[in-house]
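In this document, chain identifiers A, B and C correspond to the written order of the chains, with residue numbering beginning at 1 in each.
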């Protein structure tokens, strides 16, 4: 039995194919890594979207009645977690900028996305699970906003009646150049990245559009009106988060690069494997061959 | 008749009971079962496709059913051909392509001897025919090529931006400074050329206030922290829609050329050879942005007749 | 009844004469001769699925308002071409499957052409008398790439529209005639409204016809020259050893058609390709990041990316940057491909004779080394078309990735050349390497009798099936022996071909 398997394997891995087969294997391994790492990255993202947005709204409603205790809580949390870099009363320090004039929306975005607080003062902001729950985040945001005027509030876009058609158009003009048309994200200059747009809440999308975190442009109401923002948020939360993929695996939404990979290594590769099978002579044929030689031993090639 | 070693029989000279006509399968019964089985799977696949079609099933059902049907049909055929058909090997002779000198000479003789009769003392006919044919060749190309499109003339050298053109959004709204915040980006067009591939221009607010001087001689081109550049990449013509507002870099999404906004959109990375042309703008008495003039150079990628200066 | 029909046709076309010849055509048994068939079969899939698609696709740039199943587009002004492709996808039963089948078949078509071409190159199958067929093959590759680009472009979506814009820029970069050419092809300045219908007619009629014609020539020459074959027992320059078309290869090749089609169909079932509804319609002032052409244009896109920012300024004229990677590079590439058979025989092998026995790559180290280095160069360029995606995936700076590719496209070929050359020499020196052993070998005992022994049991055995077998020099007389139907089957069971 074992020998039979071994023979089979030998037949498959004839030396002139080994190079090809190992290339194919390596490619498949790489590819699997490529496409599934996108999912592995999901652990770095904030909590589930729908859950988050309803909770934020609930927290916001609750906050009205308990303003002072909430601000108090926010202050405590800020002093413990943020003030070492951003300074007492968020006035800034050598390590980090002042947060005055940003508004609650910006703080909310940076904290819910896990960008803040940083792992250490010299780290780059990266998406990770938010450190604070939603009511704590709310408290911090409102506390920081209470220290100065201006900025954007925490946004809760009401998506009722929003037009995804209009949203798609705005997305293609303003968002796709960096985040790609499928929201997969891509690399910018010198180690900067436009992040993927998956796993975002409506609140986060709206706040990011209005505040332009990091290198993202700032879109004021003169560029994207309030109703257009709703349309855009509706498109992102519905169709970027849940793309329509009737055709099968979407390959991470990165387009022809991934498609070409599949076409070459799976498509052409499978056809070549089939060709290996069709084109080669069978063992029995070879044996016959050798027997044939044996008959003609007097005149044939001899090994002795 | 020389006897060569290791020779395989010619197909036409082998009797059917020779070993070459034995089948290759080791276990013929098993091979027959496998072949039969794959045709049956194929049959089921095709039938399932038919059923799926009547039900208007999703794509993967269509594809998998017919794909499995086709695959196993092929599998059955190949295993039949590979294991249940004469194992060979046979050989056939291959005439080489080289012809003999004699054959060559015969053809040559035929060509020249008969040809001579045809053209003897009639070379003027050849000339006339060649002239007529040549002219036909030339004139036939005219409608085939010239009718395809207009000549470029001056159209690549200019845009619809004129002195006094309003900077207008795609929705037709005139743009004023309060529409944008620092770090903002807006695609604008002249009012009479909305959505144009050629005139598209990107308006950036790079600072809170004050003139932006991106180059000596452009002191009055960019008021109140706003600056406008052609949105058509000077490399291959893609819309340069990617703006990093802290780095103040415009990046072309196609081939990642990077343009330094504060330095007259000078390319600092990637293949783009020239800066993006800057549109001189001012704010009129009603508070709207308008063009001081059109672009002072052809926008977009280079072309032969663009002229040698950058 | 069937006899009667056959006789009727036969009496008019003399099928029995040529038909017997065809049935008896010998195909050598080796997998590497099947690669071109993958291309042929995917081309048939392309034709069939393409016919289906033309029934629904409307090649028009006219603006319509899309109303249909896909909500984010419902009510949008789009071109008829785009709207009809969306309708084809969502409203026509089986339409999405056919689109995906067509697109995957195109990817496999061109991929197998490239692999086939590599096989032909590295085994020296392009040598006399097959130089012209090599050139036809190269032309088929160009046309296939070009037609693939056209097909990718005509749905008029955001990603492919950007590609058309780049194509216009490349065209207008050609010295002297570029701007006129671009204006003639596009019917005026970019974008115009003529390009979709023109691309369409090129894509579905003109280029497929040319491809079909060249394909017929390609296969006709194959029949005329017969297959090449590897050195092996009995294989000589003036014969073909293998299995006949009827019945073996009728079944095998026929089955291979269905297997190729089946693989393509399963891909089309499971893996989504070119989801243009997610891309949206092409709008000249909109753009998406991570826009790439299909893979077979990747080396050109990569070349556009790694090209330094140079262009040539002349008095009153200029040679733009994209001319070098966009026109000069493919021009040089295909000129080299066309001329290679002649370059090789003139400068490397000095061998102008007819070859029907193939080299193994090691047999001609210089050819293999040059081919590997050049292929490595294009492979690096191919990779360079994904700089942004790679930078994002690997979380490495985009600038670093681009510079890596700029350096790699020079350094990698320089490394590959000597390595490939050395490997060839090493393989030549190691007689057993890369060859499969025979299952049975013949040994001679002390008494001088011959025995057939399992090679596994025979220590020290090194020879293998692929060893070239010494054959008497065949006299290349112009009149090749005419075969008779009498076989001399001697007592020893040796078949002798009379000649």
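By definition in this document, a contact is a pair of C-beta atoms (placed from the backbone, for glycine too) under 8 Å apart; a residue touches a chain by one contact, two chains touch by 3 or more.
Bear in mind the structure is a predicted one, so any value in this text is a computation, not a measurement.
More inter-chain C-beta contacts link the pair A-C than the other of A-B and A-C.
Chain centres here are means of the Cα atoms, and by that rule the chain farthest away from subunit C is A.
In this assembly, the C-alpha centroid of subunit B lies 17 Å from the C-alpha centroid of subunit C. For the pair subunit A and subunit B, the distance between mean C-alpha positions equals 29 Å. As a whole-number value, the distance joining the C-alpha centres of subunit A and subunit C reads 35 Å. In subunit B, the residues that touch at least two other chains are 3, 5-6, 59-60, 63, 78, 82, 87-89, 170, 187, 239, 241-242, 253, 256, 269. Annotation for subunit C: residues 29, 96, 100, 233, 252, 255-256, 259-260, 263-264, 269-270, 283, 285-291, 388, 398-399, 469-470, 494 touch two or more other chains. Residues of subunit A in contact with two or more other chains: 173, 176-178, 188-190, 246-248, 274, 277-278, 281, 283, 285, 289, 292-293, 296, 299-301. Those residues of subunit A whose C-beta lies close enough to touch subunit B in the complex are 173-174, 176-178, 188-190, 192, 212, 214-223, 246-248, 274, 277-278, 281-285, 288-289, 292-293, 296, 299-301. Residues 14-17, 34, 37, 164-165, 167-169, 172-173, 176-182, 184-191, 193-194, 235, 239, 243-251, 253-257, 259-264, 266-268, 270-272, 274-281, 283, 285-287, 289-304 of subunit A touch subunit C in their complex.
Partner subunit A is touched in their complex by these residues of subunit B: 3, 5-6, 19, 22, 24-26, 58-60, 63, 78, 82-83, 87-89, 169-170, 175-176, 178-187, 239, 241-247, 249, 251, 253, 256, 258, 269. On the side of subunit C, the complex with subunit B involves touching residues 24-26, 29, 93-94, 96-97, 100-101, 128-129, 162, 165-166, 168-170, 172-180, 182-192, 194, 225-226, 233-234, 237-244, 247-252, 254-266, 268-270, 283-291, 301, 304-311, 313-322, 325-326, 354, 356, 387-388, 398-399, 402, 469-472, 476, 478, 480-481, 483-487, 489, 494-499. Subunit B meets subunit C in the complex at residues 1-15, 18, 53, 56, 59-64, 66-82, 85-100, 103, 145-146, 148-152, 155-156, 170, 187, 189, 195-198, 200, 231, 235-239, 241-242, 253-257, 267, 269-274, 300-310.
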